[in-house]
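Structures incoming, each one as structure tokens.
What follows is a pair of complexes built around chain A, which joins chain B in one and chain C in the other.
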Partner chain A sequence: MGGASEAVARVGEEPDVVTGEGAPAARAPAGQASAGWKVLPIVEGLVLLIALVLPWVLQDYLTVFATRVVILALFALSFDLVWGYAGIMSFGQALFFGAAGYGVALMARDLNVTSILLILPAGTLIGLSAALLLGGFLLLGRYPSSVIFVSLGTLTGSYAADRLARGWYYLGGQNGIPSIPPLTLGSYEFEEGPVYYYMVLGILVVVYLLCRFLVRSQFGLALAGLRENEQRIAFFGYKAQHLKAIIFAVGGTIAGLAGSLYAFHEGFVWPNMLGVVFSTQVVLYVLFGGSGTLIGAVIGTVIIEGVSFWLSDNYRDVWPIILGVLLLLVIMFRPLGLISFVLGERERVGSFGKAPKESGNAAP
Partner chain B sequence: MPLLEAQGISKVFGKLTALDGAALTVGENEFHGLIGPNGSGKSTLMKCVAGAEVPTTGKVSFVNTDITAFTPTERARAGMSLKFQITSVLPTLTLYDNILLALQAQCSLFDLVLSRTRRKLHDQVMTMLTQFRLADRAHDAAAALSHGQQQWLEIAMALAGKPRLLLLDEPTGGMSLEERRVTGELLQPIKQHCSLVIVEHDLDFIRDICDRLTVLDQGKVLASGTVAEIQANKNVQEIYLRRA
Partner chain C sequence: MSQTGGIEHHASTFAAVFEIVSFGAIIVLVVLGLGIIASMMGIFNFAQGEFVLLGAYVTYLAYAHGAPVWAGMIAAPFVVGALGFVLEALIIRRFYAAPIVAMLGTYALGLIIRESVRGLIGGFYLTVPEPIGGSIDLGSVHISAWRFTIIVITLLVMGACYLLLARTSFGLRVRATLENPALARASGISTPLIYGATFAFGAALAGLAGALIVPVFSLFADLGIRFLIQGFVAVMVGGVGSFIGPVAGAGLIGTLSAALPWVMSPVVADVLVFVLAIAFIKFRPQGSLLGKGSNHHVD
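Then we have the complex of A and B:
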């Protein structure tokens, strides 16, 4: 009966709504103000601030470690787009990361190409092409492919690539490709340390902002529909499979960029980079930090890598057990990740529709 | 030529024959009710028309095109829209975004990525919400709505793409009497631009808004005609009396 009286009340209110087209829009800011402060930009700002001052307070060897973490965060972003935003269960994200790493390592070894202006586009392109091929095969079809098919398909792809790299002499077999020369720009060489760190951080910030723009756009709304109820949006006329293949390719592109930065930073590539270990690791980063938020992926990477580093230093023997239990606890009790301690459901999902005035401020 | 013509539709699930040569014809701007006892195959016929199920045999034509093999996406793009029996609004999104999601379904990817149509669609979103008496809750999450309001939101979403045919599977299920009455009022105006096929248990509701009825029994068409013809039909009276 409550529903009925509510409905009657609403009928009574209707004239107010109809008289002013602007009335509902005018109410929007009030609704937002009552939701209080926006948490997300504050968290993002804090993380950026910390990242910017880090090399000033860390010892050199720790800056090298921090650089690796920033590259892995870029990798985590790529998986977060695919899984956290589009709901595609990809267990083979490392395939794109590693393929690009191997590709640029070969360019350096066999063609003596180390210019950042060639290496990064090449790595990106390798990631994109690999993702287009695998995504086209797994996701495009007249009818949507099952979750099992996609997750096993990506897992198998990653595993097969790992085996291939181990067995192929040209790729260095088990040892991979060692002693990759430093990345160059003209005569300048990017050695490990603060410069490499800031370069990678700059790339992360740019990619992060692009992703942020994408997931807050109308395309992001389509992605929200895709992950919540794929069948429903197909009945609206969305080409759901195309949407999935596109975001999968975007994810592969970013993973490729991360993979090429990683290869040159570490100075070598090895089969694990392509395989199941890295693919699973990135799933954990995103789950731990909070899937479906970009900053969650970054935070998850930083915390897992940071904690592993610290634990392995202090508890040499048992640290993987401690880390495993920690991950399990978070995933059991905070399925939305650490970010859900500070971020509410409403803000995580966000809102895409804006009254014209507001969108004038928000859209670049 | 009728807008929708489904002929000889059969659907077999394992040993169960849900539909056995059923047919359905709907004209332009016609409200067509699909009624029958539980298990008579109403929902299955609706799903075969909408593309949620592939019929075992039979042919579905829509706007003079054979759409039997069309996917749901292709049917939607041809001008057909479906409201599921179970409400499937996206609960975490706001009402506004639910409607926008439905409205932008046929925008190009380019427009979506650059959000080029967001401003243009704003007025349409608010019009839809106002029409379905939900405008004052535009920025609430859909999960916060009452069951009846979720049904209205879903109808609004199904209508957002300006379909020529709307398929409604039990729109008043679980609604109070007052909400049913309002639903009837909300549906009337769409007749100017859209035909409707409606599966419904509430015969009073069907009688009030439909022009023609098709009665299914055990997967077959028992009768089809205007509301007056069906009411006078002895066979129909019998199955409803038998059930009562």
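Then we have the complex of A and C:
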């Protein structure tokens, strides 16, 4: 049936951001041995291609759904940067997503601001500041924070924000803020549908490319070191906590961008957007698709959302259980996620930045 | 806390104190198992809230099938403990090396349990009557007999846990395994069995907690989540690696959560407790996780 094929098609749909320009960027630095052809650019290209043609294939209401998935994929990227690349378990990533969503919803409601030129920067800024605050508090300081403390701290932050939003009349309490007007550019209104879809897809592509550049730079190398062995990185003279705070802030920024797009796309915000529900959802996306590969986050989002949408008619009750079982299996037997079926270890680790002066690409 | 219903007795300080203590006792009961697993095994069990839920569900099942409520309450810890033992052997055991993976794995496990229960009971709030109903009258003050019973049982369970871990040979083995697994194995202690038993014990405590609180909070699928985060925060405030730490943390967090709404808006109180707790942990990490217990696990 239609739904099924669309759901499957969606796997590739959105994400792929990377391909076009991303591929050369990845290749150039990978100066070492010619590794034959690479899987990653192909996967990325395929995903982008499917994402581009999707609105022509799908019915309108499915395009609306696809738009939502693209936005969630952007959100997933933010978590993947933080966890997959820097090893910071942010169990409260929705805090930044939701805070930005609430922030822009309030701008629309109380200040009548709906211009995309103001809304997106504002949402991004909210995400950034929230992440700087929380990340600065949790990650910086005299004692390096344990990984467990950071994960529980972010989880608690997200949970507390959810409770606050639920109980605060100004924020609409349980119901959140309904009927947000459409995003505008001059007199043009972004309605749900293909236009919104392509706008969001464009943003995803740009952000993806930026992320891709970031994680393949020397900074990305330091992050990878951080993830693999924080102590050693500290011995090399890096300020590990600062690196973590920076990438955490970058993650929050992207989550804020995604949150503001989501708020205007859905037309309302509600407390779940801030809370544990979305925070854990994004963890599922990334673990499922494959953390530490940007495209894995995107694919994970697409698969989980797609299948869940497809199943929601018939198997609504069983789906969360299946999801839990799948997740458990992935964690136990495929810790690198589904992408690891096609992506080799060597390519996943990849290479980083321009090696200074042709001599090894180690850290300066 | 609002549903605990203390509001109508504005008057009596005693009633307020009772409310606060009884909520504190409930949190202690929930945290006990969490704390034992975190301290003894170094993993934060995200499925603990669902063990609480299962305990409540078992009690409800017994009641729905005509058995007395107290019988369900007695069965609950055994059922949940047995399940915990099996899960430890099949799944949890793989996660000891990496605490973060353990968090994610147990989260997935919790998701499966929670959604299964949700599928079984639907989106309803199911009530289970108190096995000991009515109230205890102290002059003009009436306190709920069941909540009083919970306080008493909590004290008994705490005492029993302490004796079990501190005074029995089983407790000695558990502590030896925690302190130095290799040496414990060399001394002939079966560490896998100890880990299994410890996890099962922690799960059983959660099951008991769920069974006891279900008359107060009624049964719904998200029952466990409500306590999970509070429980984690309590464990970290109290400090991992000792028996008394998490209990003290739970007492503190539970008391604060119940007491603050009497002096400020419940929403602010709720958030304030978390903020205070996280700040406390941040500035006293030795007292909490970093000090002990998980050092050797931090990756």
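Simple rule for what comes next: the second predicted complex is superposed on the first by the 314 of 364 C-alpha atoms of A that agree within 3 Å, B and C clash if a C-alpha of one lies under 4 Å from a C-alpha of the other, contacts with A are read in each partner's own complex, and residues count from 1 in each chain.
By definition in this document, a residue touches a chain if its C-beta (ideal position, glycine included) is under 8 Å from a C-beta of that chain, and two chains touch if they have at least 3 such contacts.
None of the values given here were measured: they were computed from a predicted structure.
Once chain A of one complex is fitted onto chain A of the other, the partner contacts of A:Gly186 are absent, as it touches neither chain B nor chain C. Looking at the shared chain after the overlay, A:Gln218 reaches chain B, while chain C stays out of its contact range.
Of the two partner chains placed by the overlay, only chain C lies in contact with A:Leu155; chain B stays clear of it. Of the two partner chains placed by superposition, only chain C is touched by A:Thr280; chain B is not.
Looking at the shared chain after the overlay, A:Tyr143 reaches both chain B and chain C. When the two complexes are overlaid on their common chain A, residue A:Ile321 makes contact with chain C while staying clear of chain B. In the overlay built on the shared chain, the residue A:Leu164 is in contact with chain C alone; chain B does not reach it. In the superposed three-chain model, the partner touching more residues of chain A is B, compared with the other of chain B and chain C.
Overlaid on A, the two complexes show chain B and chain C touching the same residues of chain A, namely 143. Against chain A, in their complex, chain C makes its touches with residues 44, 91, 94, 99-101, 103-105, 107-109, 111-112, 115-116, 118-119, 225, 229, 232-233, 236, 265-267, 270-271, 274-275, 277-278, 281-282, 285, 288-290, 294, 298-299.
Per the touch definition, chain B reaches chain A in the complex via residues 50, 52, 71-73, 76-77, 81-82, 84, 88, 90-94, 96-97, 99-102, 104-107, 109, 111-115, 117-119, 122-123, 125-126, 129-130, 133, 135-136, 138-141, 146-149, 157, 160-161, 175-179, 182.
Across the complex, chain C is touched by residues 87, 89, 137-138, 141, 143, 145-149, 151-153, 155-157, 159-160, 163-164, 166-168, 276, 280, 283, 287, 317-318, 320-321, 323-325, 327-328, 331-332, 335 of chain A.
On the side of chain A, the complex with chain B involves touching residues 1-4, 6-8, 10-11, 13-14, 17-18, 21, 23-25, 27-28, 31-32, 142-143, 214, 217-219, 221-222, 224-225, 228-229, 231-240, 242, 246, 345-346, 349, 351-356, 359, 363.
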